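Same chain, two partners: subunit A is paired with subunit B first, then with subunit C.
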Partner chain A sequence: MTDPLLSIRNLTVGFNRNDRDIRAIDDVSLDIGSGQCVGIIGESGSGKSVTALASLGLLPKQAWFRGDILFDGSSILGASESQMRSIRGRQIGFVFQDPMTTLHPLHRVGDQIAEAIRVHNRGISKAAMRERVISLLEDVAVPEPHRRIRAFPHELSGGLRQRICIAIAIANRPKLLIADEPTTALDVTVQRHLMETLEDLIGRYDMSLMLISHDIAIVHDIATDVHIFLKGNVVESGPVDRVISAPEMPYTQRLIAAVPSLDPDQKRLEGKAQSATSDTIESRAASVEPLKRRSQEGWPASAPLLSLHRVSKHYGNLPRGQEDNLDHPSFAVRDVSFDVHPGECHAIVGESGCGKSTLLKCIAGVLPVSDGAIRYKGDIVGADRRSLPPHFREQVQMVFQDPYSSLHPRMRVFDLIAEPLRNLGYGQEEINSRVLEAMNYAHVDPEARDKWPFQFSGGQRQRIGIARALVTRPEFLILDEPVSALDVSVQASILNQLNDIRRLLDLTYVFISHDLGVVNYVAERVSVMKDGRIVETGDRRDILTNPQHPFTQQLLEAAPGKSFYEHLRAGRGQGSQEQSMAD
Partner chain B sequence: MTMLDLKTDELDQPPSAVAPNRIWASLRSSPLALTAIAIIAVWTFIGLTIDLWAPYDPLAPAGDRLQPPNAQHWFGTDTLGRDIFTRTMYGVRYSLPLALIVMFFTVLIGSVIGMLAGYYGGWIDYILMRLTDITAAFPPLILAMCVVAVLGPGIVNSAIALVAVWWPITARLLRAEVLSVKERDHVMAARVNSASDRRIMLRHIQPLCWAPVLVNATVDIGIVIIAIAGLSFIGLGSTPPTPEWGQMIYEGAGRYFNWWIATGPGLAIVTLALAFNFLGDAFQKALDPRRGEG
Partner chain C sequence: MLRTIAYRLTGIPLIILGLLTITFILTRGIASDPIYGILSIRELMNEDYVALVREKYGLDEPLIVQYFNYLWNTVQGDLGTSFRTRQPILSDLLAKTPATLELIIFSLTIAGVLGVTLGCLAARFEGSVLDVTIRAVSLVGSSVPVFWLAIILLYLGSVVLDWFPGPGRISQRIAPLEDGTGFFLIDALVQGRWDAFQSALRQIMLPSIVLAWSILGTITRLVRASMLDAMESDFITLARAKGVGSWAITLRHALRASLLSTITILAHVFGYLLTGAVLVEAIFAWPGLGDYAIESARALDYPAILGVTLVSGVTFILVNLIADILYTVADPRIRQ
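Here is the complex of A and B:
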């Protein structure tokens, strides 16, 4: 085998912070051969981005390092800044995660691509430049390149912007492209096409690709080799098929088992290991006071608990004569109807901008509907205190997407969880016992009651958010993408927990998500939303196995990791065969 | 890359959350901030204790008229033979508390208006913000002069006039912060949990809005000190024989050969105003480390 294009050898990178030495990566070695696509998988804080920055010679000044990185035989970490400048861009291209901020907002995208070319090719003529920019735009499959060349970034969608970023990265035909979570900020259908373009490009120009991602499924679709990062170490490396189907290290096994799949017969996910005394939620619950079953008293199981009838919502004022025109762009929600029965989990799936958040605010009773009616237990849900059904604020609670902004940073955990009860005017004793109860259900350590939110990780914060929602003993939970901001193993344990809580407390969920795998894991009924309309509603299994609407089909088709799941199933099949043979 | 430099608590704060211990840690490491705090502390000490150690009576002649600075009269004597050093030291008793009071009411009024406008939006926002725009459209000192002209000259009236013209800045700053903080999910959570509007404003939004207001108010205390002196200088503030800095400078105005009359109080104004300026900068740095370290 020839020498690898990029070779990271025993690299250790550390930071000195307040006299403590923090190692971002520790003794990492990996090779990327010419024309090879290598995936780097890890959860947040695993050191994968530092590896990418080091490969570009862009380590922050405060960092110290040991080991070396060889690119094409010469050292990168030892190179001078001017040498690096000729390597960066020309030899190694880089695509960042967030296409919204990496482009200059005030320059036309054509000029931004041209600038990348000009840096390494002085004196190129205007016409030749234009030709090259257009051919680059064609390479990255931007439609109508002649028109787009004059567009400003804000005129383009996220997917197109990321394509522009890729065009800039490959403008000088680098030998190596480093992509750091290139599709994480994008919708699945967009992500799908972008990955296809990327795959096509590296094949056509014989580039190598270092693909950094938290998503095993995406990496599996495109990479040949994969390295699994955990806390700054490479815990497992190898050909992607082998690693996925027969992972050797326990961490890799857990990571793969934590991914919710589209398999309708999905088994319980492997969450992050709980505390050493892995007590079940039932035993925890038993340790609190015996609970009254708080299930839908006085409400028949056959009648819908929540019912939406032809709900529409628009923002601002509509022009005269357009009041009933649902196609007018001011409408965020268009003629939506569905029922949620007691005890069921109803998922709403859609991509960004489809109106699901607006719909959610209407259901939560904080935004008035423009037309139609939302009923909870038969009573109309209005948008202010005076027009809500009785006890609505106690019975209906919400869990938010972002575990950072959803907790008041200046309130202690106990106060955060107690806040709803304070608003409802409960006495201190009742508050104390209820907060303890909610903390137990949500797996928040009771010792944490006097800590501040910033002392917790994303998953722990999300549990605090869940405890806050449970503290009023609700019957109905609205969950707004509760796991989409979390690492996959944390995601799995939160999903398990939400499932347990629902079963144990007889709750009803409306669950918003963009991830069909997650929906498959938690929901019984699924509504697919697009452009403010529900295009399809049905049982989970029907939607997954026999989607009717073209958009649903498209969504399923685009879900990353088709081959990953097939592989996984094959691997599991093998595993069980081996087991039966052993028996 | 900056990602790596941030601790989780920094990532997690809205940009303008005020964390006292972090601010103090940052102030302590800045020599400029410590100098500013020292200057303000010294002036405060002087103001509190001047009665105990004043070398002369600030209102009575202490020797010959118009003596230049010398061993007995460090800052010289004025046209009536009063000791300028003594008068300057007494002057802080007017300028500093008055500036603090003006700033207190300015922030109070401005933040109530900014909070209501930002939180409710719609026509409330429209009316309050147009009112703010109208007030802010006039040069503050000129408008303050008009207000004093209506109320009548005097040190209290000049303070009222300054509050009346100074609140729009705070109102705008606070409104902008409220607009961003109220979009955070925890405010939405509070609404879902039937918190009253008052509670949301006071408990969930207000504590996270103070950084720019604090920075601005600190810098503005210095400017208000100058404005108070300015009003006295043109005869709209304190009345003679009060040892007020602006008025003392007026007494020296035009007397180019008796330069020391205006120099003492002038230096006093400069040191105190600069100190608040530095302190404001230090707050800025402490509250927004990313913008501060340029």
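Here is the complex of A and C:
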């Protein structure tokens, strides 16, 4: 075998922070050969992004390192800044995670692509430059390149912006492309097309690829070799099929078992090692005042707890005569009807901008509806902000998407969880016992009551968010993408916990998600939303195995990791039993 | 965008009305009877004369009537007559305002160019000796009182070293400029008066250095901070990954991204300059608004005080309007 294109040798990178030495990666070695696609999989904080930045010599100033990275035989970490500048962008292209922030907001995208070319080709003529930029835009399948060349980033969708970023990365036909979570911020259908473009370009221009992702399924679709990162170490390496179907290391096995699949007979997910099972939930529950079966008192199981009848919502004022025109772009929610029965988990699936968040705010009584009616136990919700059904604020609670921004950074955990009760006017003694109870259900360590949010990881923060929702002893939880900001193993344990809590406390959920795998794991009923309308509602199994609407089919088709799930099922020996729609 | 500007313009009369009302209440409701500013002690003894003068200036009316009279006259362009100079306020203001604006704009240019440069340098070499020095100097700069600095510079620059002329706006020894814009530097150039231009330039240096110094630290520190913010952005990492050199990154990417906050900073310190000019003009005998404001306040010349307030207010509003327009030029996201 010839020398690898990129060779990371015994690389250790550390940061000095407040006299404490934190190692981002420890003794990592890996090779990428010419034309090879190598995947790097790890959860947040596993050191995968540091590895990528080190490969470009872009480590932050405070970082120290040991070991070396060889690119084409010469040292990267030993190179001077000017040598590195001639490598960056010309020999190695880089695609970053978030296309919303990686493009300069004040320069036209054409100029940003042109800059990448000009840096390495001084004196190129204006006409030649324009031609090259346009051909690059064609390469990355940006429609109407002649027009887009003059666009500013904010005028483009996330998918188009990421295509621009790819055009910048491949502008000088680099030998190696490093893509750090290139599709994480995008909708699945967009993600699918983008990965296809990327795969096509790599083949066409004979590039090597380092694909960094937390998503095993995406890596599996494209990479030949894979390295699993855990806390700064490579714990397992090898050909992707072998690692996925027969993982040797316990961590890899757990990671794979934590991914929610589209298999309608999905088994219980493997959460993080220390995550509790349902018996511990029950034993914890037994230690506090029992409140089982308290909910939905006096409400028949056959009647819908929540019922939406032809709900529409628009923002701003509609032009005269357009009040009933649901196709007017001001409408975010269009003629939505569905029922949620007691004890059920009803999922709403859709891509960004489909109106699911607006719908959810209407259900929560935060936004008044424009038309139609939302009823909770038969009482109208959301006709206007003040008239909510009796005890609605107590009975309906919400869990938010981003556990980093949904907790006030200057409030202690106890106060965060207690706040809903304070707003409802409970006494201190009641508050104390209820907060303790909620912390128990949500698996928040009671010792944590006086800590601050920043002292917790994403998963722990989301548990605090769940405790805050449970503290009023609600009957109904509205969950807005509660796990989309979390790592896959944390996601699995939170999902398990949410399932356990629902069964134990007899709760009813409305669960918003963009991830069909997650929905498959938690929901009984599924509504698929597109452009403000519900295009299809049905039982989970029907939606997954027999989707009627083309958009649902498209969503299922676009879900990443088809080959991954096939492998997974083959590995578990149950592939023949079920015909999953992932096929 | 035009709609936004039109919308902002309609708000201006309201802001000015509020401004005049507050100033009217403050000067008339709290300060003593303006009659003491108009008449000498001997004249005050003669009650008939006092009554006559009161009637002449409309001071015999109830305060609320005086207020509406004042507003009505202002709308018609009549700001009243100064008790002190016995001139129409409007002509006083027209004579004084260009001097102050010239001083302020000159100072702002010096401080702006210097502050942005220093801020960029400090951010580019963050943590270096240069950065620490720049930060230390800006801190000291903002802490030094303007009047003290003005006196020291005047003493050093014109008495000890004799590099700069003493107080004043233009040398008495050269033939006066013909009437023009009132901005001496511009008038001298337009009229081809090189001697007058040189003199005016030498005269404006010291007071504008003092004024510039008073805001330089603020500009430097804020530009540095917003540059450092910008340097943390993902698009800077992308630029580095493209292979762009560090100076191009500083100027083309980081400074460009900091442009919005730089505009905000400059518009903001303009307000400081309007206030700071009062002291500096008094010390350098600069015949501008500040000087006029102080003399008017001493003489309880309330129509003049209201007139100065009006001009400062309008200037400040216009500067902010210009800043708003510049935002839309600088940022395509605001243009929509």
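In this text, the second predicted complex is superposed on the first by the 563 of 583 C-alpha atoms of A that agree within 3 Å, B and C clash if a C-alpha of one lies under 4 Å from a C-alpha of the other, contacts with A are read in each partner's own complex, and residues count from 1 in each chain.
The definition used in the following text is that a contact is a pair of C-beta atoms (placed from the backbone, for glycine too) under 8 Å apart; a residue touches a chain by one contact, two chains touch by 3 or more.
Note that the structure is a prediction, hence the values are computed from the model and not measured.
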Room on subunit A for both subunit B and subunit C (clash or fit): clash
Partner chain(s) touched by A:393 [first = subunit B, second = subunit C, both, neither]: first
Which of subunit B and subunit C A:154 touches, first, second, both or neither: second
Subunit B versus subunit C as contact partner of A:49, first or second or both or neither: first
Touching partner for A:116 - first (subunit B), second (subunit C), both, neither: second
Partner chain(s) touched by A:7 [first = subunit B, second = subunit C, both, neither]: neither
Partner chain(s) touched by A:168 [first = subunit B, second = subunit C, both, neither]: second
Subunit B or subunit C, by number of subunit A residues touched: B
Which superposed partner A:58 touches (first subunit B, second subunit C, both, neither): both
Subunit A residues contacted in one complex by subunit B, in the other by subunit C: 58
Residues of subunit C touching subunit A in the complex: 233-235, 237-246, 252-253, 256-257, 259, 330-333
Residue numbers on subunit A that touch subunit B, as the complex places them: 15, 24, 49-50, 53, 58, 60, 62-63, 361, 364-366, 385, 393, 396-398, 400-402, 404-410, 419-420, 423-424, 452-455, 457, 465, 468, 472
Touching residues (chain side subunit B, partner subunit A) in the complex: 1, 3-5, 8-9, 11-14, 17, 184-186, 188-196, 199, 203-204, 207-208
Subunit C contact footprint on subunit A (complex, rising order): 56, 58, 81, 84-90, 93-94, 96, 98, 101-107, 115-116, 119-120, 152, 154, 165, 168-169
